[in-house]
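In the two complexes that follow, subunit A is the common piece, with subunit B as its partner first and subunit C second.
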Partner chain A sequence: MKFHLIGRNLVWFTMTLPALIWIIVFKYLTLAGVWIAFIDYKVRTGLFASQFVGLKNFEFLFSTDTAIRATRNTILLNALFISAGLVVSLSVAWLLFEIYASRFTRYYQTLILLPRFISWVVVSYFVYALLAADTGVVNSVLKHLGIAPISWYRTTQPWPFILLAVSLWHGVGLSSLIYLSGMIAIDMQLYEAARIDGASRWQQFRYITFPTLLPLVIINMLLALAYVLNADFGLFFQVTRDQQLLYPVTDVLDTYIYRSLIVTKTISMAGAAQFYQSFVGFILVIVANAVVRRIERSRNESLALF
Partner chain B sequence: MIEAGRSDALPGVRMPSRRRFDAATVVVHIAVAGLALLCLFPLLLVVASSFTDEIALARNGYSIIPSKFSVEAYLAIFNKPAVILRAYAVTTGITFVGTILGVSMIALLAYPLSRRDFILRTPISFMVFFTMLFNGGLVPYYILMTQYLNVQNTIFALLLPHLVGAYYVLILRTYFSGLPDELFEAARVDGAGEWTIFWQIAVPLARPALATIALFIALNYWNDWTTALYFIRSPDLYPLQYLLYIIQSNAQAMALQEQVGQIGTQKLPTETARMAMAVLATGPASVLFLFFQKYLVRGVTLGAFK
Partner chain C sequence: MARLGRRSLLRTATQVGVGVLAGVQSLGTHAIAQASSRTPASSPVLTYIYAGSSDQKALPDVEKALSGLAMERISASVKLVTFDWGTFDQKISLANAAGEKHDLYYTAPWINNYYTNIRQEYLLKLEKLLADLAPILWGSMTPDTWDAARVGGSIYGAINQQIFVKPFGPYIRADVAKDAGVEDAFRALTSYDDIGPIMAEVKKYIDSKQGGFQYVTVAANINATETFGYDVVDSGLVVKSTDMAGKVGLYSDTLEYSRAALTIRQWNELGYTPSEPKTSSEQQDAWKAGLSTMMMSGVVKPGGDAEIKGRWGHEVISVAIAEPLLTTAGSTATMTGVNSLSANPEAAVKFLELLNSDVRFYNTLCKGIEGVHWEWDDKASLLIRPAGGKASYADTGYNPNTDWQFGNVFNSYYTARSQVGAWPATADLNRNARPSPLLGFTFDGKSVDTERAACAAVAKEFGEPLTFGIVDPMTQIPALNKALQAAGIDRIRAEMQKQIDAWMAAKKR
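Now for the complex of A and B:
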């Protein structure tokens, strides 16, 4: 190699060092931590001297109802969020697209994106303002209508839908903007031609917008499915105010792992649940990506994550 | 047909050309404006209740228009500002330092990865990629922070975890690779070293992408409460969002004590004061958001969101 290239490479390598060291410590050394799932972890003996117990932790984990329940809740709620999220964000994107030329659209976009940047703690404050038993807005409205108020934080049944509403409020802004940017990229002449042929707005959506967006939709769905065992800790911990009464429908793997690790300090249990979540997640991501690759190859576009 | 002569029907100008002011457009505007208000409503509710008289709030419940206007909640906070000022200092400090450190580390890693002559380009890129596929999760990370790095209960615990987002590295790498090669070659011919080229050419040209990434990192730090939940026990180090959470969960514990007939010894902020705290904690982030919203919307197109 030429001398100046070696010099350049040395400088470049030096540049990468701070971030590279950070990545090695936080992302690679932590990988050793998955070993916790297979040992009887004691703080005193640490990661390497604690006793190896094989699959005991997993046997124990899956003999508890809590872990099964957390898995079921995570998958079912994610399925609900993913399907409702798709319909709502596509609709919102389409609405925004219909008025994209208007100068108001910028402001609409900003407001719809805003909830994404409110911390979950503050979200839990206003959900409380809506749902508080005596003073909440929802119960005030119910009283007004002559319906008996509901003690929301003690009633399990409505919570999947409350969480869905909050999750949509929080996430639709972003996903609809992603679909919107896909729609803007469509050649406008297609629409001109369709209009000349007398196509209605719905027909334009049905036969131009939707088919063009379909690969993007499929890819987003696949990636969402790859993360089906992961839940947003903030949503489930803060918005429910960590109410134990609600656990039967709101406890997910992330809240279960947090509780086992930090509250009840059953670290081996947390480790086993964590390994199972990460490992299944990893496999799902690989599979999803392979499928995306397949689609991509057939369409000659680059869409996959890696 | 009528629109054929309009400039926005030209190929390459990707603007929907439906500027006709028909009934459907009005309906879409109303629907989208309604959605935007729906996104804003919960925040307005929190602001309104922070300006409501405490007794009026207890009697009439939360509402979007204060039943009796009062700034008492804010006066109460500003009367004893030590706690919230402390939390402000912690949050501002980690947001400021974390953003500068984070963006610098990301840029310094992304730039060499965008150079075709860099011999470690492929292996290091893969190392960055892989962290996005396998996520060890909370348990190994918790063990690393508390048992090996021993940073619990220090400011480093709040600062370290969010520095290098793999996703941002990849976005920035793509951005850097898109810059014209001639610029770099010309600088080299003029005798500029790699550091000079990085600071004087690459960084200024990538300013929009850097600003977007900085904004995301800043909002991330500002809204972070989980890190404190995991690692911080000393009240001196509470960031704002975590302080809000602690106040909320203490109030919840007090309410429980009252129910079982015990009288709390601690005086806690009233409900309106808590809402005022939430407003004060969200305020700066919302201003940041509104000022830089064009960078956020651009972030969506850059793919800065996961």
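Now for the complex of A and C:
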């Protein structure tokens, strides 16, 4: 068997021990907490003595149009964010890769990564400075151009795109870095050979870069699917300034859950909401992974997550 | 992007983590409890957690002084723990959930929710302990008032004697009222509808000033139901203050609500309120920075103007336009509870008695140490001033400025000349107020939690824009009520009516 491998690498295995223990304690032992979603949880009564209530805690997630709308918004906005995020971060990574020899590259990298470290609360004030009705930059420009100013925080239509732009600005730095590191790992001889054969830049991307990065892209997609029912609370709550008139397009599950439960403060209902989000993500990942495996078999290469 | 939802993941992890840790800890706490019960409990240390600003430099000195006094009287010492207002709710919930053994903490229907704490069994039943060990505190309020804190037959919190009624009304900055020439008209206000013309004058004044002030008012409030003679129970369901039968209605379905919403809509169209709603912290900042001239709904109470000046730095005039109504929520607005895990519940209740009956002890917590933080200005009228010629109480290093959070405010020393006499006047207000037909009734919403959660989401979405006057009430109030209906408001109403009817029948017997 492979036990001799363990003996030979004992030092390395020992080094993974702290992380392993961490994962077991905080990721697996805590799974018992899922039970909270099905009981009327009282902290001091404990997980196993609290009364079982079945699926009652889940009802508020499906009982009203508002809840359904929140679910729809979450899925659609995530689909938009995931697909646009993929295209933009791949493009940005490619651009960086093309100028990788330049000594400015690392400054560009740092610059596009920086927004990542700005908290959503601060971002919300950036956006407000741009979009405020009377003092905002955008409306001032519009006025100068002789266009009627827009009351941004009361107009729903532009918001999916405003949120997309903010989300990309905030997140593309990191995701493009992942793709860039993948590109750097590609053997440069492939490109040299392609160039000798007369391949254009686009053809180089299409036939060398993209296929090599495909496993990475698929892994990222699969991981993103796990969170398809989760929305970044900071983005949707802070950046929209929680403006009720925008809810038809900006109210997502996380903000709906927050708004509902801030009144009743039922731990079990919060647990149910989180369980629902995670469970759907789990199923999606399993299904998507199975699909990828099937493709993989037909193409004879390794793409799937597990 | 793959990072969507990391924060919420963290939240789950925390929630679940807390659950597991609490479970683990409860195994451990038995051992600790057993260990501590063996040590002589002759002089326990009582940990008291409350909300405040944590920059009270002199807190250790005050804690020491209080411990000295408490040691003399009840053979216990005191440990004071301040959580910032902004994080109080979360921190105290976590401390309770984790099974920490603190003894006393602040609880109310509006922060660190009293009813949630009872449901989670975080609070000790107090009625017997209070009657036995805190006779002065127990006797200082009528049985009716104590009934307001009763849930399922038991009392879980010691009510702080203070203003129980909420005579809501508008505030105006005194300098603006004078300069705009509306002072007399403002003082003569009797209803919401009369405010508009005054706002028009103020608006004219602001516009003529060119800068400085930005808004007539940053927010209007139509959800202060007492202003319109309603006692709100839960989820926007109300009972009219004159309806002794206690028939439950939907507040947003009343004529008063529609009229108020239309008035505010008009204010917004005339430019009295901001075109985009401000968050509550922005509202406070605008008021503090002197950008706004009026506040629409504050509790107008004796000595309140001095409290406002202490907090915001502006001299104000306030006028009550609501009839004082004595409600359950008003009576229980500030309470101190005893942790159900407290190792020394008897000592904790004795501490409550001391805090509510010993004037010196109470004022040491509220104002600090005599001669160090404050000194007598006029002892005959119980008026104090900052010690050592300091300009304000904040400069002395101790100024929690929340007497009402700690105990019987009628024992509090006056901090400004204009405040003198406020406590007897407050007691009169409480005594002469009309009791709500539901005074003493508390709603148990557990069986309709799903509907309450759904209605809360709807109420916020439709209600807030109406409150700010940025939508047309003629279409949006029907939309609100329709959405509430879809979210199950009628089931909450039925449950509430059932409980009220049972409560009234039991009361008659």
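Everything that follows uses one rule, which is that the second predicted complex is superposed on the first by the 210 of 306 C-alpha atoms of A that agree within 3 Å, B and C clash if a C-alpha of one lies under 4 Å from a C-alpha of the other, contacts with A are read in each partner's own complex, and residues count from 1 in each chain.
By our rule, a residue touches a chain if its C-beta (ideal position, glycine included) is under 8 Å from a C-beta of that chain, and two chains touch if they have at least 3 such contacts.
Bear in mind that the values here come from a model prediction, so they are computed numbers and not experimental data.
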Partner chain in contact with A:Gly46 - subunit B first, subunit C second, else both or neither: both
First (subunit B), second (subunit C), both or neither touched by A:Ala32: both
Residue contacts on subunit A - larger count, subunit B or subunit C: B
Which of subunit B and subunit C A:Ile283 touches, first, second, both or neither: neither
Partner chain in contact with A:Arg201 - subunit B first, subunit C second, else both or neither: first
Touched partner set for A:Leu174, first subunit B, second subunit C, both or neither: both
Partner chain in contact with A:Ile82 - subunit B first, subunit C second, else both or neither: second
Subunit B versus subunit C as contact partner of A:Tyr125, first or second or both or neither: first
Partner chain(s) touched by A:Thr64 [first = subunit B, second = subunit C, both, neither]: second
Partner chain(s) touched by A:Phe104 [first = subunit B, second = subunit C, both, neither]: first
Intersection of the subunit A residues that touch subunit B with those that touch subunit C: 26, 29-34, 36, 43, 46-47, 132, 134, 174, 230, 233-234, 241-242, 254, 261-262, 267, 270-271, 274, 277-278
Contact set on subunit A toward subunit C in their complex: 26, 29-34, 36, 41-47, 56, 59-60, 63-67, 78, 81-82, 85, 89, 132-134, 151, 153-154, 167, 171, 174-175, 220, 223-224, 227, 230-234, 241-245, 247, 251, 254, 256, 259-267, 269-271, 274, 277-278
Subunit B partner contacts - residues on subunit A that touch it in the complex: 5, 8-9, 11-13, 15-16, 18-20, 22-23, 25-34, 36, 43, 46-47, 92, 95-102, 104-105, 107-115, 117-130, 132, 134-137, 139-140, 169, 173-174, 177-178, 181, 184-185, 187-189, 191-192, 196, 201, 230, 233-234, 238, 241-242, 254, 257-258, 261-262, 267, 270-271, 274, 277-278, 281-282, 285-286, 305-306
Subunit C residues touching subunit A - in the complex, by the definition given at the top: 1-9, 11-13, 15-20, 22-23, 26, 96-97, 99, 113, 116, 119-122, 235, 275-277, 279, 340-341, 445, 449-454, 456-458, 460-462, 464-465, 470-471, 483, 486-488
Residue numbers on subunit B that touch subunit A, as the complex places them: 1, 3, 8-9, 11, 13-19, 24-25, 28-29, 31-33, 35-40, 42-43, 45-46, 49, 57-58, 60-64, 104-106, 108-109, 111-113, 115, 117-120, 124, 127-129, 131-144, 147-149, 160-161, 163-164, 166, 169, 193-195, 198, 219, 222-226, 229-230, 241-242, 244-245, 248-249, 252, 271, 274-275, 278, 281-282, 285-286, 289-290, 293, 296-297, 300-301, 305
